[in-house]
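Labels run A, B, C, D and E following the written order; every chain starts at residue 1.
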Amino acid sequence: MSDLELRGVTKAYGNVEVIKGIDLKVEDGDFCVFVGPSGCGKSTLLRMISGLEPISGGDVCIGGDVVNDLGPADRGLAMVFQSYALYPHMTVRQNLSFGLENLRASKAEITERVTATAQMLQIEMLLDRRPKDLSGGQRQRVAIGRAVVREPQIFLFDEPLSNLDAELRVEMRGEISRLHRRLNNTMIYVTHDQVEAMTMADKIAVLRDGRLEQFGRPLDLYNTPDNIFVAGFIGSPKMNFFPGRVEAGGLRLETGTVVALPPGKFMLNEGEQVTLGIRPNGMQPAETGLPLTVSGVERLGGESYLYGTASDGTAVTVHCAGQTKIEPGTQIALTLETGEAHVFSTQSGQSLLRKGA
Amino acid sequence: MSDLELRGVTKAYGNVEVIKGIDLKVEDGDFCVFVGPSGCGKSTLLRMISGLEPISGGDVCIGGDVVNDLGPADRGLAMVFQSYALYPHMTVRQNLSFGLENLRASKAEITERVTATAQMLQIEMLLDRRPKDLSGGQRQRVAIGRAVVREPQIFLFDEPLSNLDAELRVEMRGEISRLHRRLNNTMIYVTHDQVEAMTMADKIAVLRDGRLEQFGRPLDLYNTPDNIFVAGFIGSPKMNFFPGRVEAGGLRLETGTVVALPPGKFMLNEGEQVTLGIRPNGMQPAETGLPLTVSGVERLGGESYLYGTASDGTAVTVHCAGQTKIEPGTQIALTLETGEAHVFSTQSGQSLLRKGA
Amino acid sequence: EVQLRFECAQDGNECDTMMTIFKQFEAKHPDIKVKMDLVPYKAILENLPVDLAAGTGPDLAKVTDLGGLHKYYLDLSPYVEKTYWEDNFGKTLDWYRAGPQDKGIYGLQTQLTITGAFVNKTLFDQANVALPGKDATWDDWAKASREVAKATGTRYPMAMDRSGHRFAGLAIPYGATYFDADGNPELNDPGFAAASKQFVAWNADGTMDRNVWAGQGGTSYADATKEFVNGELVFYYSGSWQIQKFADQIGDAFDWEVVPAPCGPAGPGHCSGMPGGSGVVGFKSTKHPKEVAELLNYLAQPDNYAMLEAKSLNIPANATVAKAGVKYEGATPGAAKALNAFSAQVPTISPVGYAYQGYKNNRAMFNITVTRLTQAIVGELSLTEALDRMSADLKQAVNAAQ
Amino acid sequence: MLSLITPLMQIIEWPMRALQRILGPRKLAWVFLLPNLFLFGFFTFLPVILNFFYATTGSDHILLEDRPYVGMRNFDELMNCTSYLDPNSCQIDLFWRAVHNTLWFIVLQVGFMVFFSMTTALILNRKIRARGFFRAVFFFPVLLSPVVVALVWKWILQDQGALNAVLDHFGLQTVNWMLSPTWAFAWSVFISVWFHMGFYTLILLAGLQSIPRDVYEAAAMDAASPWRVFRKITLPLLMPTMVVVLVLSLIKGVQTFDEVYAFTGGGPGSATTLVIQFIYQNGFAGAPRLFGLASAASILVAIVLIALTAVQLWITRRNANG
Amino acid sequence: MTAFLTRTRGRKRLHWTDWMAYAYLTLGVLLMFGPVLWLVLSSFKTERELQNYPPRLLPYVQKMETVPGYDKPLPIYKVTAGPLAGQEVAQIRRIGLISQVVKPSDPKTVLKVPFKDRKAVEHVALATSNYSKLFERFNFFRFFYNSTFITVMATLITLLVNSMAAFALSKYQFRGRGLVMALIIGTLMIPPTVVLVPLFLIVRDFGMIDSLWGVIIPGAATPTGVFLLRQYMLTIPDEILDAARMDKASEWKIYWRIILPLSAPAIAVLAILSIMWRWNDFLWPLIALQKQENFTLQLALNSFRGEFTTDWASLLAMTVLTLVPIVVVFAFLQKYIATGIASTGGK
C-alpha cells in the first residue's frame, strides 16, 4: 500500500510558521499535484514528505504507518528535483545505478533494472554520457529514471519542468503522464504552472501561504472552486472578477449592468456584496451587453485575447476563437454566459454555490 | 533614422558557419521578433547587431550607415540581456545612471532621466535596492530601464522573459508592448516562445540553422507560411501534417481519406507527393471523417486537446472548446476544415499556395 | 649486538674518514656496529642540544660547542686509560670539562683548528711589496695589504670571516681578556674595545671587505673564500680548515701562503691565533657507555688518530702524533706547507684563547660579538653603544644559562 | 590509486554507517571533524598553549618541568622601552628593530603583492595566446623552496653577482645591493613578492573569472571606458576575493622568515631582521636559548596579528558595504 | 595602466594594450624563469667556475691537452702579449710571476711567459660530475624514497582529513560550527617556526620522533586546506546531496562518492600545495628526524653545508634534482589549478 496521509502537519523555521497545519490524503495510485503561488510552501511540504526536512508538528503516514522518524532513505520514496540534481561526475548509467548499489542489489539485477528503465525512458543510447553532455529534456528523463529505477512506492516531483523551454515542456508532460499510467504509482507533483496541473493531475491540492485551500479533481476545481483564490488561480488566463451586489435575485455589478443568475444555484442574500466570476471564454463580444474599452489585443492565430477595462475600472480579459478583427481602442459590448458564472462572497471570498446543486 | 539593415551577414566560429548569410531590413519603429529553434543563431545575430560579436562577412547598417567597425558603445543601441546582467554591486539607481555617467551627462540630467525612467517602469521605490533584493520581474524592469534611460535608437532584447514564471511573463509581455508603443523605437526581440512572438511582434523573422526562413507580419506567417518549417513552428500546438498525393484536383491522404481543396488556391500537379497541413483547431470531431484513435486528452478547463494517431500512424492534435467528454482509447472521426488548410510540396517543403490567391 | 649511532657533520671528509676507522674497529669487535648519521651542521648546532635535552639524542657525535654541551657528556675515564689521554690530549681535554676542578675525560679532539691569515703571495710579488715578517702586527699587515691592493688594483685588502671566534684572533693580540679577574666573562675589556674600534675603522675605510660582516645580519656566518680564490683579496683572516679548499680551487692561479699569527699593537709576544675545532663525544644517555668509550679510545690511538688527521688534513691535537709529524695524504705541496705552518703556531696560542675556547657559554659570546659589532659597522649603533649592548646581552645570556 | 582508495573508503563506511545510526546525520558532522580537530588539537593548539607556559618561565632548559616560573618578566623585558618608536631606547632593542622592520615589510610587501598579482591576473584574464603557459610561469616560483629562492637571488645580487655583472657589462654603476640597508630591504620585499605572487595571482584570476561575462558586455553597451569598467565593475566585484588576498598576504607577510633569513641573515646589521627571525634566533638558534623571551614575543606577534586582521576585515567590509 | 585593466577587446588586430600585455608577460617570463634557469645552468658548473667573477651564464672549463712528454694533461692558455702573442700554449708550471709553457706542436722547448700575459682557453662543458658524485656519495634513492613517502602519505592524509572537515563545515548545520571555523582560521595566524620546541616535545611524547610519521602527522591538518576546500564545497548544490540521501546513500558514502569527486579541482590545488610544502619542508624534518636513513632530500641537500664551507656544486646539483619531481607533478596538475581556484573563488 502506498497511500500518503498528512495529519495536521506543520513546519516552522525559527518563529516563522511556513506550513500551518495541512491535512491531506493521497490515495494509492493517484497523481496528485500541488499548486500555489511562489513561496506558499510547496517545496517545503514535499521535502517534509520526503524526510529531507524534519517536521515541526503532525504526522506523515505512508501506507498507514507514521514515518516521522524515518530518514529519507527509509521511506521508500523517490524524488525528482527541480534542478534534477544529477551527479555531474557520473555517467547516466552510474547515476541510475547509484541508488541500487546503495541497496546492495546484485550486479545482474542492477544491470537489468537500469537497462529496463533506460529503455522505458528511451535513454539507452545516452547511458555512457555525463549529464553535461545531455540536453535539458534528456537530463530530465535521467532524473526521472533515477527515481524510477528504484521502484519506489511514491514519486515526488518538485517543479521538474520549470527549467525547460515551452516545446520540451509539452513533450515531457506527456511522458510523465504516460509513466504514471504505466507504473500506476502514487505521484506527488509540485508545479506553479496551471496547465501542467490541469492536464496531469488526478487530484490537485491548491496551497496558499502554508494552508490547503482546496483539494480535488482538476475539473472540479475549475468548475466549482471553493473560493475566490482557487477560482483565480486555476485556469489561464485568469477568471475575471466583477464586484457587485445582490439585487432582486439577480446581480447588479458596479458597472451598472444587471446580471441574471440561474435561480437556486447560489445562496444569495439580498443586498450582500458579492463578486461575480466569469472566465475569459464565458463572455462574447456582442451588439449589446457589458460595455468594455479594449486596450490590447493578442492574436495567437488560432485564438485571440482582448484586454480591456469595464466602466468601473475592472480589468477584463476576453477570449475569442480565431483571429478577431477588433482593434485596441474600440468600445465593445460583452454578453456574459451566466450559466458558467461563479459567485463569491466579497467578504469571506467563499463560493456561494449551493452544495449539491 | 533608426532602421536596421543586415546585408548578407555571416558569422563563423572557426570552421563552423553559424550565420549563413542573412538579409533583413527592419523599419524604423518596428517591433521585430527573431524566433527559431534553440541553437539556430538568434542570440548570435543579435550580438552581431549589438557589436559585441565581430561579424565575419556582410554589412550591418544602422540608419543607412555601415557600422561594422564601430564598437558596441558607438552604435547607439541598448541591449537587454537574457540574464539581465545587472551590475550586482550597484543600486538600481546606479545601474540606471552608469551608462549616462559614461556619456558624461550632467548630474542634473542624470537625475532627471533616471527618475523619469523609473516612473515609467514603476520602479521608483526600488531605486536604492540592489539587484539581489529584487524579484525576477523587478529585475527585468530594471534591465529594461537601464536600456531605456539612454534613449537609444534601437533596443535589443535577448529572451528577456525566459527566466520568469508564467504569470509574471504575461505581465511583462504587456509591459514591453506598452513601452514600445510609448517610445516608438525600433525593437529587436529574440524569443523561442511563439506566444510572445505572435502577440508582440510587428514583424517576425523565423530563423533556422543560420538562415532566414521567413520574415513578415505574425498573422501572415500564421496564415500563409512559406514552408513546412514555418508552418510547424508558428502556432501552438503545432500544425498537423498529413502526407498525401494529389489526385484529381483533390488530395488522397495516406490514411485513404480523400480531401477536397478550394479550387485554384494551390498549385497542384496530378500525382505529386504533397503534405496537407491543418491546425488543431481546423478539425472537429464529427460523425464521419478521418478516423482517429485518441490516446490522450488534456482538459484545461476552458479548452481541451485530443492527442491521437491516424490510421497511417500520423500523430494528430485536435483542439476542442470547453471540456470534452471524449476519453482516451476511443475511436473518433474528424472533419477537416479545408478552407484553412495548407498544402506543401513534400519534397521541397515549400508552400504550394498560389501567389495572389 | 650493539649498535652505536654517531651523528656527524663535515666540511671535508672527516666524518667519512672516521667511518673507515670505525669499520676497522667493527672488524675487531664484531658485536659492535657503528651507524653514522651524516647531518647538516645546522643540526649539530641547533637540534642536537634539543634532542639531548629531550633524551632522544644519539650515542655519540662530533660537536663544536665543546663546553656548552658538557652536561650531556659521558665521562670516559672509567673505561679508558687516563694517563694516555691526559698525556696526549692535555689542553684540549679541558675544553670539554665543567671547570678546573673537573677531572673527567669527555671528548676526543679530532680536529684542532687555529685561526690564521692567508695572503695572496703573487699579489705581493706583483706589487713588489715584501711580506711583513714573523712579528708583524695587525697594523703592519693592514698597511702592507692596502699598499698591495692599491698597487695591483685588487678589490679588497683584507677580510675576516664573520665569526666571533675569528674576531678573537684579532682581539686577543690586542689584549682582550674575555674574563674579568673573577673569571666572569666580559665583552668590553680595554683590549676587546680597542680591537673592536680598530675593526670598525678598517671596515669603514675599506681596509676590510665590508661585504663579509656588513652584508649579513644576526649571527649568520659568512666568509670571503670566494674573493680570495678569485685573487681579489690580499689578506684573508680565516683558519686552518680552508687549506684543502684553497689547494683545490686556486690551483696554480696564484701563490698563497699562511703567515705567522699577526701580533697586537704591543708587538712580539702578543701574537696568537684562536684555537678551536671539533671533537667526538659520547653522551650520558647512551645505553652502551662501555662500547662508546672503547670506540673513542680506539680512535684516539696514535695510528688511527694519525690516519684520521692525515686523511682529513687536520692539525693533530694528540701530542704523540704531533711530535711524529703527520704525513698528509693527497695534499699538494702548498697545502702541506700551509698545514705545517699552522701546526707551528700551536705553541704560541695565548692562554686566553684556550680559556675562551673552553668556556661553556662561548657560543653566546661569539654570537653577541658578531651581532653587535656588525651593528656598529653599519652604523646602527655607535661603538660605545654596541659595547654596552654586548655587556647587557651577555648578562642576559649568562643568567638564562644558569 | 583509485583501486587503493575505494576499498579503504568502503571499509570505513561500516563504522560510519553505524555511527550515523546512533548519532543521526547532524551529530555525524563532529565525526567528520574529529580527525582534523585531533590533529589541530595536539599539533597546533597544544603547542600554542605550551607556548604560554614557556613565556612565563625562564632559563634555557627545554623541558617545562625544569623551568622556573618568572611571571610576566619576559613580557616586561620585551615591552621595556622609553619610546616604542626608537628601538635604541628599548631593553630588547633587536625585538623592536624587528617589529619596525616587519611593519614596513608588510606595508610594502602587501602593497606590491596586491598590485603585481592584480596586474598579472588582469593580464592573464585577457584573451591571450598561451595563457596556460604564462599562468604556469607566474605560478612556478611558488613551487620552489625558500632556501632555493634565497640562494638564487643571493647569487644574483651579491656584490660579485649576476646583476652587477650585467650592469658592469653595460657600463652602468654597480651597487653593492646587500650592503645598503635600504637596498637589502627593498630586495627582500621584492624576493618575497616574487616568490609568493603566483599564489595570489591565481586566487585573483579565479575571482576575475567568476565575474559574469555578461556584466562586462552590459558595460560595453553602456559605453564605459576601460578605466571606468575597472573602477566601477571589476574592482567592486572582485572585492570578496581581494579580502581573501589581503588577509592571507597580511598573515603570511608577518610570518615571513625563511626566504629573507636565508637571503640576508637579517642584515646588513639588523636592517632586514623580521620578527619571526628574532623569535627563531632567540628560541632556537641562539646560545643559550631564550625560549621564554621567544615565546613571549610570539604571543605578542599573534595578538597584533589578530588585531590587524580584524581591523583589515572591518575596513574592507565597511568599504564593501559603503 | 588603465588599458591593462580591462578584459579582452574582441578585435581581430592586436590592440596596443595587447602589445603592452605581451611585453609585461615576456618580462614576467624572464623574471620568473630567469633565476631558476640560472640555477640549473649553475648546477653544471665546476666549483671553481661557481666562484668565478664576473659570473658567466654558461658553464666553462679550461681546455686541457695531453702533450707528449708529460703524464698529465696540461692546461692551455692563449698568450696575449710578447713574441708569442696570439698563440696557444700549454703551461707546465708557474713559478712566481712567470709561467713555463710549451707549444703543443713543439713539446721540447720550454718557454717563459709573464703570467699576466696569458689567458686561459676555455670551452663550454657540463660538469655532470656534480650529479654523478651525488649518487656515489650517498644513497640518493633512500632519501628520494623517504621524501616521496612523506610527501605522498602526508598529502593523502591531508586531503582526507581536510576534506572531511571541510565537508562537515560546508554541508552541515550544527552548533559550534562558527567556533570551529574561527579556531581553524585562527591557526592560520600561528607561524610554524614559533611552536617548534613545544611541538617537538609533543611529538616526542607520541613516540614519533625519528620516524617518518613524526614528519607526516603533525602538519597533516592545514587551515589553508580546510579553508580552500570548504569554499569550494559551498558551491556544490545541496540538492545533489539530498538526491543521494533519497538514493539511500549513507553520509560517508555521500562524502566519498559525491563530494570528493565533485571537489576534484580544489583537491588538485590542495594536492599541489601540500606536495610542495612537504617536499620543500626543511626545518621540521631537521628536528623530527635524526637517523640518516630517515632523512629527506632537503636534509641530505643541507648536509653539504658544513661549519665553515658549503659544497656549492653538489648543493646546486642536488637542488636541481629535488626540483625535478615537483615540476613534473606540477606539469601534471597545473591544468586543474586555475579551474580549481576559479570555482572556489566564486563566493
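Throughout what follows, a contact is a pair of C-beta atoms (placed from the backbone, for glycine too) under 8 Å apart; a residue touches a chain by one contact, two chains touch by 3 or more.
From a predicted model like this one, the values you see are computed outputs, not experimental measurements.
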Interchain contact steps from chain D to chain E (minimum; 1 if touching): 1
Most centrally placed chain, judged by C-alpha centres: D
Identity of the chain that, by mean CA position, is farthest from chain A: C
Distance between chain centroids, defined by C-alpha means - chain C, chain D (Å): 38
Rounded Å distance between chain C and chain E, as computed from the means of their C-alpha atoms: 34
Centre-of-Cα separation between chain E and chain B, whole angstrom: 60
Chain A and chain C: spacing of chain centres that average the CA atoms, whole Å: 93
Multi-partner residues of chain A (at least 2 other chains): 71
Residue list for chain D, restricted to those that touch at least two other chains: 25, 62-63, 160, 225, 284
Contacts with two or more other chains, residues of chain E listed in rising order: 10, 53, 197, 201, 250, 253, 302
List of chain A residues in touch with chain B within their complex: 38, 162, 165-167, 170, 174, 177, 192-195, 198-199, 218-219, 222-223, 234-237, 279-281, 296, 298-303, 307, 319, 321-323
Chain B - residues contacting chain D, complex: 50-52, 71-74, 77-79, 81, 83, 85-90, 98-99, 101-103, 146, 150
Complex contact set, residues of chain E against chain A: 237, 239-240, 242-250, 253, 257-258, 261-262, 264
Chain C partner contacts - residues on chain E that touch it in the complex: 47-48, 51-53, 91, 93-94, 96-97, 115-116, 138, 197, 200-201, 204, 209-210, 286-287, 290-292, 295, 299, 302-303, 305-309
Touch list for chain C against partner chain E, complex: 5, 7, 9-12, 35-43, 46-47, 50-51, 54, 56-58, 64, 122, 125-126, 161, 221, 223, 225-226, 229-230, 232, 238-239, 241-242, 245, 248-249, 251-252, 255, 278
